[in-house]
Each structure stands twice: as structure tokens, then as C-alpha cells.
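The structures considered in this document are given below.
One chain, chain A, links the two complexes that follow: it is found with chain B in the first and with chain C in the second.
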Partner chain A sequence: MAEATVDQSDIMRTADGTPLKVSIGRAMRRNKLIAMGLIAPLLIFILFSFLIPIVDMSLRSVDNSIIPRILPNTIVALETWDGQDLPPEEAFAALAADMTAGRESREIGKVATRLNYEVSGMRGAVMGTSRKISKVKEGPYKEALIKSNKAWGEQDTWLLLKRLSGKYTFGFYLNAVDMKYDVQGDIIAQPDFRQIYVDLFIRTLWMSLLITGMTILLGYPIAHLMATLPLRYSNLLMIMVLLPFWTSLLVRTTAWIVVLQSNGVLNDILVWVGLVADDARPQMVYNQIGTIVAMTHILLPFMVLPLYSVMKTIPPTYMRAARSLGANQFTAFVRVYMPQTVAGIGAGSILVFILAIGYYITPELVGGTSGTLISNQIAYHMQSSLNWSLAAALGAILLGTVVALYFIYNHIVGIDNMKLG
Partner chain B sequence: MALPSYAGPGEIVWYYSYRVVCGLIFVFLIMPILVVIPLSFNAVPFFTFTPEMLSFDPAGYSLRWYKDFWNNPQWIHSLQNSFIIAIFSTILSTSLGTLAALGLSKPYTPYKAVIMGLLISPMIVPLIISATGMFFFYTSIGLAQTHLGIILAHTALGTPFVVITVTATLVGFDQSLIRAAQNLGASPPTVFFKIIMPLILPGVISGGLFAFITSFDEVVVVLFLADFDQRTIPLQMFSGLREQISPTILAVATILVLISIALLTTVELLRRRSERLRGMSPQ
Partner chain C sequence: MKKTLRYTTVGLAGAAALAFTVSAQATELNVVSWGGAYTASQLKAYHQPYMKANSGVKLNSIDYSGGLAEVRAQSEAGNVTWDLVDVVVSDAIRGCDEGLFMEIDNDAQLAAAPDGTPASKDFLEGTLFDCFIPQIIYSTAFAYRTDAFKGDQPKTMADVFDLKKFPGKRTLQRAPINNLEWALIADGVPTAEVYDVLGTPAGVERAFAKLDTIKDSVIWWTEGAVPAQLLADGEVVFGTGYNGRLFSAIEEEKQPLAIIWDGQVMDIDGWAIPSGGKNKEAVMDFVKFATDTQRLADQAKYISYGPARKSSLPLIGKHADLGIDMAPHMPTNYADQGFLTGFQWWADNRDELNERFEAWLQQ
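Up next, the complex of A and B:
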């Protein structure tokens, strides 16, 4: 008690008698509110127009609502089926009813497509049967269904329907890594001719690594030159780095097609010099070489800029000191200069790798078939095959990789230290 | 890094070969962009230098691809679309991004790192994923295949650049100037327009230019969200390169290179101005 009274009298107060602590707290809270008020509009905008759509897209990769929604009676009827032989007549009747309803609501096509992802040929079976069964007014439906398509007489078809009765599925992720469920619901590898995604992920990774390595190889010397030259020269060279950075991606990709194609500038020069015969022009675009060259060019500024900003902070006296202590040029460079640039190499590499791994436009235009990356497959499933769930699963895997790398980048470099020109 | 007078012959060789290698890398950087420009004046529909061009025969050059561009309503329509979309999304992302950067630079803002991470994410997430997510979202709210939808999508993609550049400018900003102005009786809007704005303007403008070029150059989102009516220049070039490749694309490319040179010059001048000003300030 006594102690408390002492505290009461000793406490610092503002002019109007409120304790200083309370008053500061109030002022801080007001400042925080103002700061949050300034951030809020953008945060809310990004949340609703960007982050929620991406989460929503990722959820599509596990979504399996089509079958339970369009074939509800069939799913209920199959609940009691033990998976032996063929299901009872009620299941056939339920399927016939669902198909008739689905045909009226014009949604049966979605079921057909969905089942076709699992077993090819199911699209025809579902569409054909739904057309015929809507004319059958009374049972027994078992014979009618099997007569319209013999797929309904096979146990595997019904096991498939039973397996797809849940609202969620992990199947698209399995497809994205070249696996699938078999009829028993066990996980097995896809047949050889359908195994493409693991190879594609590996190709995306090694091509991104190669491109990152190329940008280090090309970016390090010129960043070093710019950092050591007097400012008026280095500013001029900097413009040569920044001009490609500011030039439209499409322009740079077009330029590389013009330069590399078989009747292009580079091949013409090679033929003129006599390095290659006119009828043996090497194919340098619409394949992996095209993608690697064009993407190295496009991503090079992202390596040079962080390297340059790190090298700029290294005093030139360090190298001179090393030389005067007896190191030769090479030793001085490797032992004194390079260790100080590791942070810049790390920052540039992660940035280039993150950008490379998700690249779409350039591989699409100059990659042919051997130089495309995982993004191109995502776009293909979004626009051509319309298997959006598989696109979402592939996208979610890519997104996970990029977010993990982004965390590492943020941890090492700090996103607010990112240099933009 | 001039060659020191005590350099041995090995060092002299190394010194010059290093410069030659650097020169070749700079050629690699700049050559593809420069090659496009003369080829766009080609008189024949080829993508390579004709003998007439190499001998500087005027007959080898023509403006036909520029005329083709100018007389093609599709290209002109996409040029208009590109500018409309880029200008509006720049205005939106610059205002939202500047406000957020001001909030983020206040000393006691809570969860700064998390908020910064979220605000920067549109720049980090691969465009194909952003485009996929936005396609589903904008379709569900009926904004797909409208100009507004693309403007909003590009606004989201452009804001990280504004946030980054304005935050960088605010690092050198003396917060006591705000208190001094308030002390002298300025209202918050007066403080903003008379004190803060003039000081951070270079950062805001370069952020805005980044946002502009992001939108002006963006293809993937447009590819997913645009209908025929919303085609932009990059989309037109993209489909042109995929379908029938015509030298008109080179003429457009040359025009775009000129636009980027103009933008780059502006940003460089602004950066040097603010560096000069910062060099003069007491810190």
C-alpha cells in the first residue's frame, strides 16, 4: 500500500494532470490509427482484387463439387453399396434420374468432362447415355443403361463414381505430379505416355537455374566495371543496362526472334563470315536455346542492379591495401573483393530465379516445344484443355515455390531494400 | 580503375581483355534493341537486312510498315486502349501507393513487415497465376472483358512499384518538418500539399512511370481478361508474333523503344535531381 502511494505522487504528469504514460499512449494510438488509415485503402484493394482471387484459384485445385452437385441421388444411392459386383437397381434408377435432370439443366456436360479427366472415353459414355436415357420413362433402368453404353455394366465405372462422391479431392495434385488414383482409390503412377509434369517441373527448375547462372556470369563483370569507373562513364553504361529494362518485353522478344531465326541477322552474319554453310543454318530459336538466350537478356538488368549497388559500397582502398600487402591481383580479387559481393549475388540470384521460374510470354513465343516452362502448361490448361482444376493445382505448386523463395529473399535482403533503377 | 603504373605485362593483357569482354556483354544487352530499328524501315517484308539496305541504297528503305500501322484501325484501336488503360491505372496506383507508403514510413506503424510483404506480392507472384486468379474473380463479378476490369487489375500490378519508390524517397524525409508545419498552424491537407508533396514528388513520379510502363507492357492479364474491344498493343503484338509475323510489328517495336527512351530519360533526370537535393541536405 505504502509503495503505491509513493508511486502516485512521483508519477510524471502533463500540464493538465494526466499521467505522461497515458498521454503518450494516447498520442501513439492516434498516430498508429492515422498510419493504418493511410495504408488501409491500398491494403483492402490488394486484398480483394489480388490476394483473395489467388486463394480462391488455389482452392479450385481441390474442388470436386461437380459430381455431388449434379449427381446427388446417385451419390446417396451408392453410399450403401459395398463395392462388390454391380450396385443395386436403385443406384441405376438414381443415375438415370440425375442424368435426365442434368440434361434438362444442361449441366451434364460438366460431369462428362470431369469423368473424362479420370478415364478417357467417359465423355462419350455420359453424353450418349444421357441422351438415350431421357427417353426411358420406366425401369428396370439397369438393363436400359447397360444397353445404351456398356461402361455402366462395369464395376470400375461405379467405383469411380463412388470415389468422386466427396466434395474435395486431392486428385488434381496427384495428376500434377504424374500420379493418379486407381479404381481401388490407391495412388499409382500415370502411364508412361501421360507422364509430363514432373519432367516439366524439373526442366523449369534447371532452366531457371541456368538462366540465373548466365546472368551472374554476364552481370558480374559489367557491374564491377560500372562500380569502379568514374561516375560520368558509369552513368553512360548504366543507361545501356536500363534501356533494355525499360523496353517492352514484347519488343525484346521480337528482337530476339529477328536476330536468332534461321533467316535472321545472326545466321546471316555467320554465313557471311563463313562459319556455317548456307544450307546448314543452326536452329537457334523456337527451342531451348531461344528461351535461354532471350530470358538471360531480359533478366540481366535484375542481376546487374543489385550487384552494382553492393559493389558501389566497397571502398577501392581495400583492393589497394590487399595489393600492397603482397597479394597478386587474382588473390586480392578472390579473397578480398568477392566475399563482399556475396550479398549482392544472393539478392540478384533469388530475384532472377523467382522471375524466371514463372515466366510465360517469352517461352511461349521463342520456346517452341522444348523450351516451354510450367507456366505455359498452366496457360494451356486454362485456355485450351479447360481443365481449370489441374491448372490451379499446377499453379498452386508454382506459387508455393515462389512464396518460399520470396520469404528467403525478404529474410536476406529485405523487400524495402529492393533497387529499381 | 585506371591501369596502375606498376602493372606488369600480364596485368595489361588482363586489363584490356576484361574491357573487351565487358564491351561484348554491353553489345549483347543493347544490340537486339538497336537491330529492330533499321529493320522496321525495310522496303520488303523480310526480317533481315537486304543487300540494298546494307549498301545504304534509299530504295531499300521505306516507311511502308509505319503507314501500315497508321492505316490499320486494329492497331490504332489497341494503341488507344493501351493509353487509356495505362493512364487510368497509373493514376489509381500512384494515389493508393503513395498514401500507403506515407503510412508505412511513420515510425510506429504496427506489422510493418507483414503489410509490406502483402503489398509487394503482386510483383512477386508469377503473372500467369495472377492472371488466372483475376480471370475467375473478375468473371464472377462481371468485370471481365471490360476496360474497368483491366484497369483495376493493372492497378494492383502497378502499386508495388509506387510503394517501393515512394518508401525509398521517404527514407531521406525529415519527419520533423511535418511537426514544424503543424506547429506553425498548418492543417493536415496543407501539410501534405505544401510540405510533403513537393519533397517526395520525384519518387511519386518515378513510381508512377514504373506503374505506367507495367500496365503499358502487360500481356498476360490482358490475354485472360480482354475481349476484342479491349485489345492492347502488347496483346496485338503477342498474337501477331504467334500467327502471321509481319514487319509492322517491328515498326510498332520501334515506336515502343522511343517511348521507353523518353520514360527512362525522365526517371534518370528525376533520380539525379533528388540525389543532388539529398546531397545538399544536412544528413
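Up next, the complex of A and C:
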């Protein structure tokens, strides 16, 4: 409306009489649309293959819709129950009706699976009861249910159902940090013999940090050599870095098994040289050592390449200037050269650390019991136990940790200082 | 700008969704199985003869690594592309309870034995379930290196747990299933009472305590191919494995190994039909053919798993390539020395015991 107040004759117009502003706007819009069209495939790909799955999985970690959906009458009947003794007959009748309907729609198994996550044995109780109760046509249902399985005569079972009546639950996150709700709904620690996830998270973090550190230690000299040697030597080095990088992950992992196992190449050499006795060969694979060695090797190129690209841009004259100003080789290296490579170290560290934290196949194959990571448990819950909600909770915590570490890194080092090439 | 973006996205998403829903032809069936030598035996015994007789049907063989994850994902997405899946019985029961698999009317839909015995009487007792058509009985058993011990060779489960008499590393599956049973058997519990004892907290304690005695000498495997490899490399002297894999290591690769049938845990493997598939009749026709008496006996020519039909047992012949009699290599031949896995018991207790087992491993 602002244009209305401006005198029409003052407006600049194109040859055909349209105001210039409108014309330019139209041309700009077309350009923007073309640009948008060009990135649209990527955008849609990311949306469908990355963002939507992540959101969907995250929602699963709090999803508890199975119980309210398949046992609706029971949930309503339990609303008025005060949690003392056993619920009234209506609740039993409602459960019997829900179970009969659930058996009809063949969905009662989902309830059985869900309840079994909370209390072992509930699966059998639900399946067995639903089979028997669908034949019972009239009450009293209380006796019939308790007769078919004594779990329904226990107050704890009903408290569990009442606790799980909401559409959402925080229980999977509790499970993911070795805690649970007790029958009263209070949060308590899991018993000692079921605590596994917190230790695994901690182990995943420190092993990833260690592997990142190892790749810096091993990668820095290689990158430095590659950046300073004459081209014909540095090219050869580059090929030696890239060749394993292009080799299949599985091949490299199994190659390490061949090298490290008790009757493997390395042990044979150690015995042959006489460093270890034949009957006291050290165990170097199927444990933490195996995971650390194999993962350090596999992730090394991700450290070397960013380091190399940063070092390549540092003019050798800086070192010479430092030397000519009186610094010895060591001081010049530490005070002049190294600070300029921080960007490369930062980029490499972030790459290696984030890759390591989610590594799955290598620890699975060479990790044994002490060298497997949290990702192996996530895979177990995705593929075998089918407890996708717990897998989602574990994954969300892992994702949260990475994001948190990223912000800390950004705060301390600054992400603008990162250089990938 | 935001609006154009939304329209473009929606439009392209629609196009993508259309592309995904293009369905397979009516006569193409996706048959999913474990891969490797096992699928190869199925192709020779079931798929190829069937396609020869029914030129209108094309069977696509797809490999997977077991479990219900894919079946459940397809069911939840409402786009079931697998027509037939080879599953272990515990997964079939679980999938059946959750409505993932179709229920079968055994006598009406499966082939009778040549002498007219209905399917429900011909399949081995306790192997047929609502959604499950059994093919084979396989077992998980211990094997040992025959060159590892001088003098006495191990024969029983107690020997496997005896580090003094038979020292050396063992490899066991990284899962509580089977290991807890074996620990109790080695501790003197009769096979018939294993699940009664395991059903009590004290029984579980006792099993873990027995496993504690060999824990430091165990390498844990998760992939079925690993134990045979570890045994062949001499990394371990004892290892648990599927009897078919052990058979091929012993008879085909001539590794110095022998199977201890004592305490073998038998399990059932068979077909399940995902509900919601588009080719139900065609699939059922194939399943009826593939699980008849002759076909099940034929499969034993290629792999050492026992057919699930009584009428197939006398028809077991010689191995197709090796020419050796297959009957002595069937787990069913040593059924009295082992026991059938308690899949119902494990369905109830697996979640908890797995966490407990993992926690125990980390101690």
C-alpha cells in the first residue's frame, strides 16, 4: 500500500511500462526458483532419508500408544481404581473384553511384548490368558482371569497396567540409563545384574576419544611428510593412505583378525623372534585392543586428509623465518608451525570422533566382550529383541551427546576454525 | 518462498511414493531365506523343480540375517513385499502373536504324506504352529579339534566345561540362549529338567556360576560363520555352532573336528507367510509343494539338516556331491542325546536374561 502514496509519474518503468521494481522482483524470483529447483533433489533426499526417519525414531522412544489402543476399556476402568488391593470386577471384565477383541484383531501379541519389557513372564501370561479368556462368555471374570494366570491376582500387574495407560512414557529413556519405574511409579536404579548401558556409553566415549588421539599421533607425521616431501614421494605416500581408504571396511577388519589372532601373523613373528613364549601368546583381538587397533587404522585417513590439506597451505618460509629469527627447530615447529595446523586437527578430530562413536561392524567383529560399543546394543534391539523404542532412546541419547559435544567444541575451539580442505 | 518450497516438496514426494508402490507382477514371488549353503540347498530342492513345473511363476531368492525387523517394518509401512520368509520357530510364534504372519490350516493347505497321513500327523510332534510350516530340524552343538587332546577325547557337556582335563579356549555364542541350558547340564541337571531349574532365580544363579568357571577362556561369537573359522584356525579347541556349518567344515573342508552330540539343542526352522502380501494363493501353492515329503527329503542331499516330516526320514539318501550317507549326520539321529529348545520359555525371559547376560559379560 506504500506505493499508493507515491506519485505515479516518479516511478522508474521498463520499456513496456511495468514498474522497474516489479520487473526486477520477477526476474529475481525466477532465479531463486531455478536455484531452489537445483537443490530440491538434495533437499528432498535429506528430508526423506534423514530428517523424517530421525524424527520418527525419536518419537518411538517415548511412544506408549500400544496399551491405550489395544486395551482401551481396561484403561478406562482402571481410572477410578485407587491402587489399593485389586481393582473392581469391571476392570477384570474390561480386560477380558479387550483381550478377546485383541485376539480377534491379532494384536494382543503387541501388548504381550510391551508388558514383557517391563516384567519378564508377562508375555506368556497375556498370550495364555487371551487364548483361554476368549472362550469365557460370562462373568465373573475376576475368578476366570486369575484362574487362567495368577499374574492377574497380583496388585503389581494392575499397577503396571495403570502406570502404562498414558500415550507417552519416559520408561525407555530410564531403561537406557539403567533405571526403571518401580511398582509405585517411582524412579529407581536397575538391579546390579541388569546394568549395562551407562557403562557402554562411557566406554564408547573414552574409546572414541582414545582412537581420535591415536589417529592424531599417527596421522600428524604422515600428513607433515606428505605436505613437505617432493611431489613424486608425496604422491606415493598419498596412494598408500588412499588405497586402504578405498578398500572395503569388512576386508580391512577381517585382515586385522588375521594379523592379530593368537595364531596370527603378528603373534607368529613375536614367537619366532623369541619375544614371547609359544604357549603364552598375548590376546590381541576379540577385546579392546582389537577394536582400538582396527578402528584407529580404519579411521586414520579421515585424520590425515584434512591435516594434509591444511599443512599444504602453510608456506615453508614461515619456518625459515622463525629459524632465522633465532628459534631452534623444535621451538619453531611448536610455536610457529603447529598453531597453524590446529584447524586441520580440529576438522580431523571431529570427523574421526563422530564416526567412531557410531561405529558398529568393526567392534562387532573384533571387539569381543570388552571392545563392543553402544551401537552394538542398539543394533541388537533393532534386529533381535525388536525393542525399537529402547533402541530409539539409546540412539537419541547418543545423538544428544554428539550434539552437546559439538557445541562444547564450538565454544572452545570455534567451528569457524575448522578446515576440511 | 516457503510456500513454493512446500509445493515442490509435496509434489516430488507424491511422485516418489508412486514410484515405490509399483507392485511386482502377480507371478513373481519374493522368497526370503538365510543365504549361503542353506539357501543353495533350498534352491536345488524346492525352487528349481517348482519353477520347472510352473513356468508362469518366478521365484526371487532374497537373503536376510534373520529376525523380524524387516517383516515388522514392511507391515507397519503397509507395503509388504516379502511373500515368504524362512524363520526360526520362536520368531514365527512371536510374529504370529503380533499378527505379522498368516495363519495356516495345516491339513487343508499342506500336502499329505504319500500314504495319505494328514500333514498334522506327519510332521514331527510339536513342530507345527498356527503360522509356521516346519522344514528342518537343526541343532546347535559343540565341536572340538580332534588334534587338541592326547588320550581321552571329550564326549559330554561336562567335559566341555572341564578346563583341567581339556584346557584351551572355547567359543560360545554371545547370547544367554543355549549357554544357560548347557551350563546346567554340565552341572548335572538332566536335560528334561533344564527349564524347570532355569525357571527359578536360584537356577539362573547356578547357570551363571557354572559359566563363570570357563568365562576367562571363552571367545564370544555373534556371526554363525565365525565358530567354524575359529576352530579351523586353531584359535579355539571347542566351539558351538550350527550342525550344518560344522558338517561342511568336517566333511567338505576336511578340518580335524568332531561334533559332540551330547547336549545338542535342537531347533526348528520353517516357512512363515507375512500377512498383507499380494500373492497369497501363489505362495501357498509353492509352500505346499516345497514342504511335501519328497522335497524335504531332497533338501537333505545338500545340507545336513533333518527333514521335519516323519515320512521323509526313510527317503534321506546320499550327499549330492560327497556321496556319503546323510542319515548319520542328521541331528534327529541323535535326538535322545539332546533336547528341543524351550522357545516359549525364552519368549518370556529373553529380554531380561539378555541384559543380565551382557552385564555378566562386562563384570
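By definition in this document, the second predicted complex is superposed on the first by the 373 of 421 C-alpha atoms of A that agree within 3 Å, B and C clash if a C-alpha of one lies under 4 Å from a C-alpha of the other, contacts with A are read in each partner's own complex, and residues count from 1 in each chain.
The definition used in the following text is that contacts are C-beta pairs under 8 Å (C-beta built on N, C-alpha and C of every residue); 3 or more make two chains touch, one makes a residue touch a chain.
Bear in mind the structure is a predicted one, so any value in this text is a computation, not a measurement.
The partner of chain A that touches more of its residues, comparing chain B with chain C, is B.
In the overlay built on the shared chain, the residue A:382 is in contact with chain B and with chain C. Once chain A of one complex is fitted onto chain A of the other, the partner contacts of A:329 are limited to chain B, with no touch recorded for chain C.
Once the two complexes are overlaid on the shared chain, A:43 sits against chain B and chain C alike.
Shared-chain residue A:33: touches chain C; no touch with chain B. In the superposition on chain A, no contact is made by A:159 with either chain B or chain C. Contacts of A:357 after superposition on the shared chain: chain B is touched, whereas chain C is not. When both complexes are overlaid on chain A, the residue A:261 reaches chain B and chain C alike.
The interface of chain A with chain B overlaps its interface with chain C at residues 32, 36-37, 43, 47, 261, 263, 364-365, 382. Of all residues in chain A, those touching chain C in their complex are 32-33, 36-37, 40, 43-44, 47-48, 105-110, 112-113, 116-117, 120-124, 127, 190, 192-196, 199, 261-263, 286, 364-365, 368-370, 377, 380, 382-387. Contact residues of chain A toward chain B in the complex are 28, 31-32, 34-39, 41-43, 45-47, 49-54, 56-57, 60, 218, 221-222, 225, 228-229, 237, 239-244, 246-259, 261, 263-265, 268, 297, 300, 316, 329, 354, 357-361, 364-365, 375, 378-379, 382, 391-392, 395, 398-399, 402-403, 406, 410, 415-416, 418, 420-421. Of all residues in chain C, those touching chain A in their complex are 1, 4-5, 8-9, 12-13, 16, 65-69, 72, 94, 96-99, 169, 174, 219-220, 222-223, 233-235, 344, 347-356, 358-362. Per the touch definition, chain B reaches chain A in the complex via residues 1, 11, 14, 18-19, 21-22, 25-26, 28-33, 35-36, 39, 46-49, 96-97, 99-100, 102-104, 106-110, 113, 115-122, 124-130, 132-138, 152-153, 155-156, 159, 161, 163-165, 167-168, 206, 210, 213, 216-217, 219-220, 224, 234, 237-238, 241-242, 245, 249-250, 253, 256-257, 260-261, 263-264, 267-268, 271.
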